[in-house]
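Here's the structure, in structure tokens; my notes come after.
Chain lettering (A, B, C and D) follows the sequence in which the chains are written, and residue indices restart at 1 in each chain.
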């Protein structure tokens, strides 16, 4: 049992069903009779006016129950609310205009998916194509094609922030450096696509929806608002198993509304399982971002100030929770460095690409790519070792909790210790020696470093940074980050737990059982965990869900607190029975025992039985039944203040990466030789799961660095519509990965844990880019580092060198 | 992504299949292993009136050596060719090329003839067969003909096969099979369509002089492209890096590959040079080792 | 010769996990949909429907194939094995055990397909190198695990199967 | 996607021009053209089946001839829509006499392909465009030769 406690690498409970084909994923559900199937007609144009839609022929196809178009959606729903002041009208189906390739234009409800697709081919749409824009900066120009006439500009949101005295720091610095970086649009492509079952009940005007949605449940109110019903008339139930998301499935909510309407119009329950082409073209993705960065630094390598102008491409419609990508890292904008002066300018721009949303690392990869590249460029400029520049700037262990210039409160850490561990396990100095030899032999060998702060447990208030302090003051202050859990014991004494963290593979059931098992002194394998969230019966909050690595810091804390409540209750009941004070009792092996006298005990089964069968026998003041819910939040999550300070997350981990690469000069191919990553995420709850999260995040980061991009041509045509052109890394692309940990517990969570599922998505693209820059002596400011891109850079360098050589000859 | 409606006929003999083709010709579409055809159907890029499923024609699944040829039935699974000791012995170039096709799971189903008839210009089997100077046995209800690979490929996904015809067998000449061989390719990930691929056959005499050779490139044109000059120009010489680079550069000078998402025309052309050289180098070394 | 007109249903008979099934279906129905919808075996998952992701992989006559790239009617008369039949009366297949021990799955959506490929792979390759395992795995996409645990689990399962076979002999 | 090229045709500028402007010839020479119907001045409605081998899409297209400067120059606008997506293309054709028997035809084109086919057909789209164009001129060449033969 000890092996199964908190912090132990217990094998997962979920595996038992998943390895036998008994998972219950979205498409496996058939909760209602007479479910019909949906196919969606999508725009082939990046930007066009819809002049007419003719659906009569489609409606006549045998088996078709209904065809839904934009006008119906406009009459049965309202545009989705979004946290910016720009009046963007975003409906779940195109109304009048399409603004990206793949945008839903019409819906067919039919007996099965085959017939629904047959009927789609019979819908005739007359489009008037309009000029499109996909380039971020072009979209900001006055004469650029305008997506939303009522907004009057493609800029959906714009803010500037000053912290410290940036101008003074720049004036006083020995050196400054500036560069423009571009981070590409990419996705996470979970293997299970979006899926929704929706049923409209006319008699009560209410909707019941099953969807592999995983929050944030702030979006529940967004959906309810669009459907114009109170929250309790939109019941959302999540399936037991969710086939991966990495943030992407938060973007399912427009389809929840669309299917709700489709069910209402067609008069039958409907099921829609997104196909892979739909998913790639039109689900959700990270933003592509242009960053102009300027750094001020001294000749010893100390960085004194940063200026960043960040422009996010949020696609055809800005949709909630965007523009959050710009602000998610607001508090940790300076990363792990002691930089006190910070200027940030943030823009959310709409272009004719698919709308964006959550993705593993949300904003971190876009943010740390320019910063970590700049740290290396500073080293190059000063002729210093990049490791030395990092050392010079890392926050010291004695400075925690550390307040960042933008209001973040870094809870704990020992960045120097973790960084030195990285250099030691990665044999940094030996690698540098080897590099000298390798380069002398003409090899393009490089080493990349990256250090980042990994925020976890978002404070929903950060999203309101998109508004000015004056605008914020007009509405309710926002700081939500609470999570809830329920622990109950039935009359037979068996324990179950209900969680609202909507896992999608992170093993929440296992860790919940580990926590409850340890607190209540039972075998975790005897604890039943229910992870399905039902908005009418589960305990949940606006912040519930699976995102911002919030299970470890917050979700697990709620479970722990609920278990503690049950523990207290059991002790209280037992205290009466055993005539011993609660302080002298303990829980162990399914029993409450008297400390120091284990012979004297009473079983949980007995205690639970009593509370159910004979409540009158309980001591006075003890409620019958054992059913305890706890909500947990962290006191450092506060609304942004009028000075624009905000603590956007409740815990902050640290990640330090070292990667060695060799670039093939003939093909531009980047070969990763070794990857070392050191994490400090506080107390680890299950090391097996922890390392699994790190491997997965790292490989996703590697995908972003080398392979994955949702490419569009300059006219807005989408080019990566299959898994032949959107390249996910496979087993043959994976380098040796070495994971190490240090643990400095968070003082803000009862178990000392922090999140860690996203760190390498943030750090890996930067680390690999640094390594490739180091190997090739080329400036890397754009990703992914495809062979063609790297080869182009090498060609350019060769040509420049030839020019220099020829000039030198004269 | 579900297939459209089609009539489905499944002949039990080659003759039945040929009769169906004679009758339905252009409106019928053959499906064999389906590893290219099924994605096209699922995406509804093809809406054939009639699908003629020849996957049950066991008589077209065989590998044998006969009359100086390695003969492979059109419906032999790629995986069976890959694992065949006979192929490895008689035609190592083919054994080297096949594992580059997709993945084990698609080679288990994909057929040898299907890949050839699909005629993707980057596909391994068409390229290799062109390098091997193979010929296709093509049958119709009324006729049977042999077509050399150099005459088989017309353009993207288009071959000399007429609507009423069916590919039944591939014949690879084994007489004078060069000792040196190499297949190499460059792709974004393992198992992806090659950006550029090269197949080389080459022979040397005992002093290391090149006596004959063939080179085929994939991914640089609308068909697998024979650029035998790259090797032929070096006949009589011992291979040196300088000579190799020169003759390959000369041979591919005229190439104008298409650009796409993964590689520009310029990059493809560069890769063509790099991988042609690589293939020749390896083939030369192997020829020398076996000499 | 079988001739089926558009929309006409045809009887497909096949053995899945040793059990005989007979169902009427349209000729255009994909084997993946047939297994899930008509046979109710939802352990086989559909991830891309163009043969790249490998989630739908099943064994047909002992060979790992994409069930999304086959028509159900093409499986008529075959023996199919899916994830539901992997464990036996005696317990889990060594692959199942090692997958759990090595944390080779997270969301578990791609896992059934990978397991079925691995079954064929280990039957044809008793002593695989890491390279060979990765090559076989490259026909599958997993977005959760980074493949680390999967490679390790297959290697450990191979060792266990080898040892069991050795003991028996 | 764009490109240009030139081809030498056996025929005078006038002969070539008359073929290029003849709808019945055009419908024969455009690959996959099932019908071509005049719907306005220099404006046609066409039923096209474009693609290669099994990958074929049906497109309803409007073909418009503008900027006509007989017999030397015109511009062709093609807008097609169909199941797999859409094609919008623009081509400019110039004829220059080489001698009494030969005419130099130069062309530039730009095409935009959208929708499903653009998202999946990346690898071959450029090639298909080239194929369609070369096929068109090959057939035009044949038509000119044929009518010359008939005339003589």
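Assume a contact is a pair of C-beta atoms (placed from the backbone, for glycine too) under 8 Å apart; a residue touches a chain by one contact, two chains touch by 3 or more.
Since the structure is predicted, the reported quantities are computational estimates derived from the model, not experimental observations.
A.B. asks: Can you figure out the chain closest to the middle, judged by Cα centres?
C.D. replies: A
A.B. asks: Between A-C and A-B, which chain pair shares more contacting C-beta pairs?
C.D. replies: A-C
A.B. asks: With centres defined as the mean C-alpha position, give me the subunit B-subunit D separation in Å.
C.D. replies: The separation of the two C-alpha centroids amounts to 32 Å.
A.B. asks: Using mean C-alpha positions as chain centres, tell me how far subunit A is from subunit B in Å, no decimals.
C.D. replies: 44
A.B. asks: As a quick test, compute the distance in whole Å between the mean CA positions of subunit B and subunit C.
C.D. replies: Using C-alpha averages as centres, the distance is 29 Å.
A.B. asks: Give me the residue numbers in subunit A that touch at least two other chains, ranges are fine.
C.D. replies: 114, 121, 275-277, 719-720, 722, 724-725, 730, 732 - these are the residues of subunit A that touch more than one other chain.
A.B. asks: Pull out every residue in subunit B that's touching 2 or more other chains.
C.D. replies: As it turns out, subunit B has residues touching two or more other chains at 1-5, 43-44, 189-191, 193, 261.
A.B. asks: What parts of subunit D, by residue number, touch at least two of the other chains?
C.D. replies: 83, 116, 120, 122
A.B. asks: Let me make sure I understand the interfaces: which chain pairs count as touching?
C.D. replies: A-B, A-C, A-D, B-C, B-D
A.B. asks: Going by the contact rule at the top, pick out the subunit C residues touching subunit B in the complex.
C.D. replies: Subunit C residues touching subunit B: 1-7, 27-28, 30, 33, 49-51, 54, 57, 60, 63-66, 68-71, 73-74, 117, 120-121, 135-136, 138-139.
A.B. asks: In the complex formed with subunit B, which residues of subunit A make contact?
C.D. replies: Contact set of subunit A toward subunit B: 113-114, 117-118, 121, 275-277, 666-669, 707, 711, 719-720, 724-725, 727, 729-730, 732-733, 786-788, 791-792.
A.B. asks: Show me the residue ranges of subunit D that touch subunit A in the complex, using the header's touch definition.
C.D. replies: 81, 83, 85-86, 88, 112-116, 118-120, 122
A.B. asks: Could you please specify the touching residues of subunit C with respect to subunit A in the complex?
C.D. replies: It comes out as residues 26, 28-29, 36, 41-50, 52-53, 55, 82-84, 86-87, 92, 96, 99-101, 103, 105-112, 115, 133-135, 137-151.
A.B. asks: Give the list of subunit D residues in touch with subunit B in this complex.
C.D. replies: That would be residues 51-57, 83-84, 116-117, 120-128, 130-131 of subunit D.
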